[in-house]
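Read through the structures below before going on.
The following pair of complexes shares a single chain, subunit A, combined with subunit B in the former and subunit C in the latter.
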Partner chain A sequence: MNMFLHELKVNRKSTIIWTLSLVAIAVLFLSIFPTIEREGEEFKKVLASYPEGVLKAVGVQIDSITSFLGFYSYVFLYIMLCGAIQGMNLGMGVLSKEIIGKTAEFLLTKPVARKEILTSKALVVVTSLLITNIVFMGAAALMANIVAKESIDYQVFFMISATNFFVQLMFASFGFLLSVLVSRIKSVLPLSLSTVFAFFILYMFGSVIGEKAVRYLTPFKYFDLAYIIRHSGYEAQYIIIGSIFIVATVAVSFIVFTKKDIHTV
Partner chain B sequence: MNIVLRELMSSRKSLIWWSVGLLAMITGGMSKYGGMQSSGQSANDLFAAMPKSLQAIFGVSTLDISTALGYYGLIFSYLLLMAAIYAVMLGANSIAKEERDKTSEFLMAKPVSRSRIITSKLAAAIILLFLFNLITFLLSAMMVNYYDSGAEITSKIAALVGGMFLLQLIFLAIGTSIAAVSKRPKLATSIATGILLLTYILSIAVELSSKLENLKYIIPFKYFEAKYILAGDGFDAVFVILSVVIVVVLINATYILYQKRDLNI
Partner chain C sequence: MNVIEIKNLTKTYGNARGIENVSFHVEEGEIFGFIGPNGAGKSTTLRTLLSIIYPTSGSATVFGKDSVQSASEIKKDIGYLPSEVFYYDRMRVKDLLNYSASFYKKDCRKRIQELAEIMDLDLSKRIDDLSYGNRKKVGIVQGLLHKPKLIILDEPTGGLDPLMQQKFFDLLKEENKKGTTILFSSHILSEVQKMCDRVAIIKEGKIIKVEKISTLKESNHKKIKVETKVPVDVDFFDADGVTNLEATNNTISFLFSGNINLIMRKLSEIELSNVWVDEPDLEEIFLHYYEKEV
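== the complex of A and B ==
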């Protein structure tokens, strides 16, 4: 409990900064929405001069992307990108900072098992991410209320927003595993940033070329937001695979860390 | 000279990893072009009539992706993002790492002035960036020429990569100046990457809203966009001058601020 509280306190500032940044991004993007809605309306008038087939096909698409939830799910990707960096940084930093800061010796000589240390550290990661997401969702819902003219399906809105938490957990557990496996991490940010951006570019590029296999590779693609809007539900297989991934990486981290030689000064 | 060599040696491994990333991105991306060449999805007049913001959401642009060069332009926007991440971390790290790894005391006790140290570090960083661009150019020219040959192609790619080099210089200077002023080495990398993320998010927001158009002057990602360079417009003189000014000012700031700062030993 001491470790948990101490760690939470250490992470307080960065959690606040990340939360505020995510809220700021949401506010920035959602404030653009009224313009998009208007431009969509105007473009539909232009479309009226086209043949009916085109009108139907494109018109439906225009309607769906210029609806509030459609637009939200488009910009949500960039919120997820920042969220993923937060998650990976947190997951990777929480353990490796003891080694980098040479405090591992102090911590490991305390009368607590390594398992307890890991458990409290992992719980801190989950708690920090949870706080971030709860605050973010509240702020985003408020902003949504301001910009959207029509009433929003809040259930779907929160379902979309909650995917951020899941993706963050995946990146955090991956970072957790890396921090245990990689023997000498000098600084966390370059490693976590390149990993997240690698997956992000894979996602962006995968959707441009329409690659199916990419869906299983990059966490950004685990949730098809259009599917969530249509069915008000998640795709079960991705949730299962994602959960297995999280459980497996955390389990391996526990096994490796309890046996690992920790180099002190 | 010794410091330059030492810097180059220590960054060797990361450059190799980034080159692997470039190789995967360029060859992987262009090989997809081979597959879709036949379907010929060029933007028709319908998409051309669409407002810019909707084009961005639809994922269509003025690039003609039915030609190899146009398709490369699509990949290039992701290469720019990679290049910027590499440059900003290189800049921030090369200065901040001495204090982070507690080697600054050793370095400063040597009979070299601080400005000499910065000059050497900058020289090493510019050599690394040059190599990064050379690798990008060679891989790109090879891959694009493989699908579609022509004298135009190589010179166009050279222009694109030239723009990328300028973009990298801007981000390098951002990184070094922040590291020069920041008293806490860990904070320097965080702030530098924060700026990178902010400009990237803003570059997306500018695509979505014409009201934000004027923000493009503070977003380096908007300076050298593939769609303008490939359309034959070449570099916009305003942006070239702006980049040079930014780089000169920030590099000067690096020298001045680093010489006056108390180092964290």
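== the complex of A and C ==
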């Protein structure tokens, strides 16, 4: 518990900053919704003049963009991108910073098992992300209430919003695994940024060519937001695969970390 | 009872040398020195003992328990001071020490205050505002605050001024009197001589010798260098106990072990312009043991 609380405190500032950033993106984007709604037909015409590939790559679906949930799911792609960076950073940093800052030795000479160290670290990642998402959803819902004239299906709204948490967990667990496998991570941010953007580009690429297989490869494609709007539900197979991925990466991280030498100098 | 028992401990890192077949034991209540030049494998041995790294082969027990299997249990009663102290920079000293204390299920507040007072450490400062020496002090308090039964020190004196070193050694001796066992690694012979009961000498990953300090002192060598006013025949110094005899111009140097009066009498017979009498540095001592081994 002491490690958990300590770690939570260490991550407090970054969690606040990330949360505020996500909220800011949502507020910014959603504040232009009234304009889009008012001039819907004009807007659609402008969009229609763009090449189809570009629209697909940036996640625009013309027929639904002027409805609130349609617009929100378009905006949400970028919130998810930002969220993914947070998740990856957090997952990768929570262990790496002990190695980079050479404080690992401090923990490892304390009477705690390595798996206890990892457990508290992992729990901090989940807790921080959970806090971020709860605050974000509250703020986004409030904003939705302000900008949308139509009545919003809040169940679907929250279902869309919750996907961020899941995608963040996938990136966080991937980062967690990397931090255990890669022996000398010098700095977390460049590595996490490039990884997240690689998957994002894969997402754009997959959207343009319409290749189904890509959906399994990039977490950004695990949730088809249009599907969620149509069916008020998730596609089970992606939830299952995503969950397996998370459990497997965390399990491997535990196995590797409890057996490996920690080089602190 | 042996507090530490190391048996044929080997640790290799790919191509780099680690340690090879290291075996020694540390008895309860003794101050045991672990001495060798930089890179000889002192830290590797200590880290393996603390299961920060794992042995390639061989084993170690602490308090009679396997150092890998019972790692976290053993560490309840170990205090460790690393050679380089790294802590969470943004924390205050007080918070760091409280965090450290929170790992042990006992109230350490009083001891923290005591130790901070002895070591003259300002608890309200931030870690990143501290000098190297002051960080070291944090390390010392951190390593002792839970009243460990075994203290492991990895080159502990670096960065401490002589006064603080003395206070620190006094502190260790006091702990030792209460029954605490101390394992002390160093590359400075004099500090080991001052502190320890027995010493293990390690070189290039192998233990060369485990010896009582008192025995080591008996075979104490002096490094003597003289400058003479007129050239003196080198053979003049070639006596029992003289080794490594070298001469250039008017300067003659050699190692001497034996009755110091004999050599002093010899020196008084010639006209000197200068004389240096030094403790031989560690390399020379090692060389001495190394030659004996071969």
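Convention: the second predicted complex is superposed on the first by the 242 of 265 C-alpha atoms of A that agree within 3 Å, B and C clash if a C-alpha of one lies under 4 Å from a C-alpha of the other, contacts with A are read in each partner's own complex, and residues count from 1 in each chain.
The rule is simple: contacts are C-beta pairs under 8 Å (C-beta built on N, C-alpha and C of every residue); 3 or more make two chains touch, one makes a residue touch a chain.
In this text, all values refer to a predicted model and were calculated from it rather than measured experimentally.
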item	value
Room on subunit A for both subunit B and subunit C (clash or fit)	fit
Touching partner for A:102 - first (subunit B), second (subunit C), both, neither	second
Touched partner set for A:263, first subunit B, second subunit C, both or neither	second
First, second, both or neither for A:6, with subunit B first and subunit C second	second
Contacts of A:65 with subunit B and subunit C, given as first, second, both or neither	first
Partner chain(s) touched by A:32 [first = subunit B, second = subunit C, both, neither]	first
Partner chain(s) touched by A:50 [first = subunit B, second = subunit C, both, neither]	first
Subunit B versus subunit C as contact partner of A:187, first or second or both or neither	first
Partner with the higher number of touched subunit A residues, subunit C or subunit B	B
Superposition-derived minimum Cα distance between subunit C and subunit B (Å)	10
In the complex with subunit B, residue positions of subunit A that touch it	21, 25, 28-29, 32, 35-36, 39-40, 42-43, 46, 50, 54, 58, 61-62, 65-66, 71, 74-75, 78, 82, 85, 186-187, 189-190, 193-194, 197-198, 201, 204-205, 207-209, 211
Of subunit A, residues touching subunit C in the complex	2, 6, 10, 101-106, 108-113, 116, 259, 261-265
Residue numbers on subunit B that touch subunit A, as the complex places them	14, 21, 25, 28-29, 32, 36, 46, 49-51, 53-54, 57-59, 74-75, 78, 81-82, 85, 89, 93, 97, 100-101, 186, 189-190, 193-194, 197, 201, 204-205, 208-212
Subunit A contact footprint on subunit C (complex, rising order)	13, 43, 50-54, 71-76, 78, 80, 82, 84, 86-89, 99-100, 102-104, 142
